[in-house]
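Please find the structures below.
You will see two complexes here that share subunit A, one where it goes with subunit B and one where it goes with subunit C.
Our next item is the complex of A and B:
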């Protein structure tokens, strides 16, 4: 079986290399049949990678410990579903998943666009082929998942912290996001190489970019929820380099999704869009470099692997390639119109883009700071949470405000008077909300107060737009169906507002106290009464060794009723771990979150108790974000017609 | 509206100025304060202020993080040879803390002992080698 997997990967490498080399030659020499052959090779590369993936999946499910990878990441008592998730639980399997998704996207994109965008596809094939060549080479020569050994009696097992339902969805979603950003990159590069820099590549790749962006965004929300319920520190995002690695390309892609609208409509920001698409792609690969090289200090632990060097080389090479292409094609990328007014939709989109990129670069600077200080100052220095939180407010709050203004301001030129007239209801609602919040005591946190006021402003703009549109068409459903892109966008904006409310509420207004209680004692926090009833000792033996669970049973009163458990599990193999107790108050969307911090010799227990207002809106926002993204992605006949019209225009 | 080759869009100037301004703010903010040295046991000596220390827990773990004596253990570089740094930690013990784990500590040197009140255990999540080969 391992031989079949190895052979399939060698075939994938050969096919990808052929797609890259023959595709380039065919595109340069305008040889149509050879170009078709290269395209078919890219599709076949997906086929052979599927074979390799099936071989690894079967080996995992059947606990075939003659595969080193299987023995290192699974064990006999691991359930089938977690044995399968071990596919992306280790380095080599993750790389195979990357190649599988990359070749899958490549095959699909060239097959779907082979007729309408033939002039671009002839270059997309060698570019996607080159990317696939790199990953298949790594899998064949550097980190093969098909190394074999004399099978041991049992495997090492999957790290218990990864045996979690989120392990099924979170990593594949991130991969679908990271790798999906290769498609707009390949099209942008193809447009520049071919010299066909009209807007077709943007129209053709909008859905692909949105798909990648949707997966990357939703994958991060899943990861945040996983951390929130599992890690037991009361938070959901720690600005860790590995978390930032997923956030940075998402921010760059968000900027791109907005600025392409300006290019489609006005022919502006063409160089900027090329830069953004390259930045999104490079940051995605750079994220992979971060997770594999161990070059930065993260709470996530990595194997020190030589793969980091390969990835760094890949990032540098593709970055130089992108910069060279943009410089070469600058004359073709000149804007066809110019910005007429600082008060216009295109200007608002430009501000939005600058803020997104600024936030992205801030995070990148924070991630690179230890490396840069180590190289230039001789001592590695690190920047903590206050830095990130500070800049999130500086760039995030104006972004929130622009989300309300951008969709309503006129293209080309507007006036302050016209804008005030359009926004009179949202401004009024925001002022009333701000006043109400101050009266309700929310003025204790200025960023929180500003965030909430801006949220009300944006939500009102969305409601006003929906009411206005529904009046015109007679039905909300019809309104959304007629312009999925616009109204799907509003749904995504509504999700971002909910997300912002959740983040502001759970961070700016959270209560976090430490209480030492003996059995029978109670404490009151934010309307909740928490009574410590008793400690139960529950010994057990599992694959993680012998363990004793010290489970504190709490009785709740006030705003909540019933009991709540929180545990400290001491495992002989793994050390201590916490099981947090969470009671959700659905009416207030808030959580009572209790952590058993420590047991004292006198029988008392130190509990960390948090009340996190509105935190559940973050998870709700994730699903609304997914729904809004799907609305904008839904096939739209008008868009296809627009592509055909642009093709006719490009052919002159 | 057409644009000739010599015309410069004001958008470009706005972009350039904004990016430059933002970068300047980063540099000032991060250079003036907000950062602290990121060290390993081997290069900890001589640092008197607050630092971030990363290493691997070796030997026995003694004491109690909630008591005045604190939790006491020894830290070694994650890789390669290094001196052993005694650590006294007071605070919540993070998940999965034990001998052999890699940890991040924030604190300061008090004589030859590192005193800390903030600790995170590195999450043995993705891309680690198998547990039996690391421990």
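Our next item is the complex of A and C:
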């Protein structure tokens, strides 16, 4: 079957190359039949990639160790679902998933828009084809998942931390997000090449961008929860380069989703939007380079690999292409209107964009700095949490404040008097909340106090907006149904507020202690009593190696009752790993979090014990974010009709 | 052998799909010409002005914008919408 997989990938490569070359020639010569043929090649490329993906999935499920990839990432004792998870657990399989998603997006986009946006689609096809050509070439010539060998008795197995339900959904979500950013990039490039830089490309790609952004955002929340319950260091986001690689394009795409509204309404920020689309896409590909090249040491990255150079070349080539296109089309992209007032909705969007991009570039510098110092100075330097936390506060807190002010400012121009009148309730609520928090002892962390005060401010503005809008239209349902984009956006804002409360609570106000306990000893922390009862040794042997689990059993008292287990697992093949003990208090939305750090020779055990207030709001925020995004994404029949009518009218 | 047959089927299906459009009638890409481009621009301007007027009315009704600012802003927006509509009408007559 490996031959079939290889053949399918070669066919995919040929079809993608044809879509790129024939599509370009057809668009230049305005040849309709050839353009349609190139479009069909892109669709067929998806079909043949599906065949390759099925071959690999079957090999994984059937433990066919004649496939080197299957032997390296699975073992006989692995359940079917985790054997399938290994599809994206290694370099070659995850590349195949990337190509599958890319060609899938490409096929769907060109089929759905083939009539409506014909003049743009003829250029979208060769651009998506070029991207697919690169990934299929890498799969055919550099990192094939279909290399074969004499089958060993058993495989190497999947890293225990990847054997988690979150790993079933988290990587595919991220891939749908990363790769989805190719669609707005392809449309933006098509608009610039064809010279049709009117607003149609923005209307056509808005939902694709939102979809990619939603998957990337929700995928990161899933990843954070996985890290929290599985990695065992007590946190959920470590500013790891590969984690940052997902955050950066999401930040750039968030900026784009805001600034695009200014272009739609006022025809401004056209160059800026092109830059943001290109930046989001380039950062997604750069993230792929970071994960795959081995230049950074991360729990999320793949091993050192020769494909790093190819990816670096791809990032450089696509970046140069984007810059050249924008410079070429600058005269077409110049704004026809100007900012009328610094106190207007579009001005707040501009400020929010500057903050998003500043935060994004600061993180990029934090990722690049250790790589550059290593390459050019031969020194190993790292940038740690204090750097990122500092800039998160510097840029994140003003962003939070703007999220409250923005919706209450009118488009075009607002007077200070009208603004103060509109903001009086949110300001009052924020001042009362701030005072109340200081009185309750929350003033120990200034960033935490400011974040909470701003959160109350934003939540009140959302409520004020809903109340005023309902009064103006007479019905809340009608209000939301008429403008799903705006009110779905407010739901996303509410999710961001919950997220900020969770992050501030679990980082600024967490308790983190280390205790050495012998069996029978207890410790008290934030109202919880934790007693170390006993240590259980649980050995197990499988064909993939020996494993010993040292499981500490703890009894809880005070705010929680019952027992809690935390383990240190030593595997002969895969090394040590932790299983943390978590007890959730749903009323307080907080967790008691225990890590077995070390066992001493005298029988005592060092436990790291954390109490993380409000941490569960972060996960709740993820689902609200998803709900808000779906409201915003919901098809708008009126918008579609307008687009169809406009194009029909344009054709006369 | 099965793999070879399946591979051949995939390749043949791809070739058929890619070749089908060559049997179509028209070989001209249906793209907007210069006149249509101008019409699209006018329609963009019209839609922007009408959307802005709608937003302005809503902002005024919800108290985000006071009477003085409303009166100052509504005139230019109405003019912009009227100019775009006139432009579209004029082009249709030509």
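Simple rule for what comes next: the second predicted complex is superposed on the first by the 613 of 652 C-alpha atoms of A that agree within 3 Å, B and C clash if a C-alpha of one lies under 4 Å from a C-alpha of the other, contacts with A are read in each partner's own complex, and residues count from 1 in each chain.
By definition in this document, a residue touches a chain if its C-beta (ideal position, glycine included) is under 8 Å from a C-beta of that chain, and two chains touch if they have at least 3 such contacts.
Here the structure is a predicted model, which means the values were calculated and not measured.
If subunit A is used to align the two complexes, do subunit B and subunit C fit next to each other or clash?
fit
With subunit A as the corner point, what is the angle to subunit B and subunit C based on their C-alpha centres after superposing, as a multiple of 10 degrees?
Computed from the C-alpha centres, it is 140 degrees.
Thinking of the overlay built on chain A, is A:335 touched by subunit B (first), by subunit C (second), by both, or by neither?
In the superposed model, A:335 contacts subunit B only, not subunit C.
Quick one: classify A:385 as touching subunit B (first), subunit C (second), both or neither.
In the superposition, A:385 contacts neither subunit B nor subunit C.
Which partner chains sit in contact with A:354 here, subunit B, subunit C, both or neither? Use first/second/both/neither.
first
Please provide the least distance in Å between a C-alpha atom of subunit B and a C-alpha atom of subunit C in the combined superposition.
8
If you look only at subunit A, which of its residues touch subunit B in the complex?
It comes out as residues 71-73, 88-91, 94, 155-157, 159, 161-162, 171, 231-233, 268-269, 272, 291-292, 297-305, 331, 334-340, 350, 354, 357-358, 361-362, 365-366, 369-370, 373, 379-384, 386-387, 390, 573-578, 595, 597-598, 600-601, 606, 608.
Okay, in this complex, where on subunit B does subunit A touch?
1-3, 5, 7, 9-11, 14-15, 18-19, 22-23, 26, 29-30, 34-39, 43, 52, 54, 64-66, 79, 92-98, 101-102, 104, 120-133
What part of subunit C is in contact with subunit A in the complex they form?
Those in contact with subunit A are residues 3-4, 6-7, 10-11, 13-14, 17-22, 24, 26-32, 35-37, 39-41, 43-45, 47-48, 51-52, 55-56, 58-59, 61-66, 68-69, 72-73.
Within their complex, state which residues of subunit A touch subunit C.
Where subunit A meets subunit C, its residues are 1-4, 7-8, 11, 15, 18, 26-27, 30-37, 39-41, 43-44, 47-48, 51, 118-119, 122, 194, 196, 198-200, 264-267, 408-415, 417-418, 421-422, 465, 468-469, 471-472, 642, 646, 649-652.
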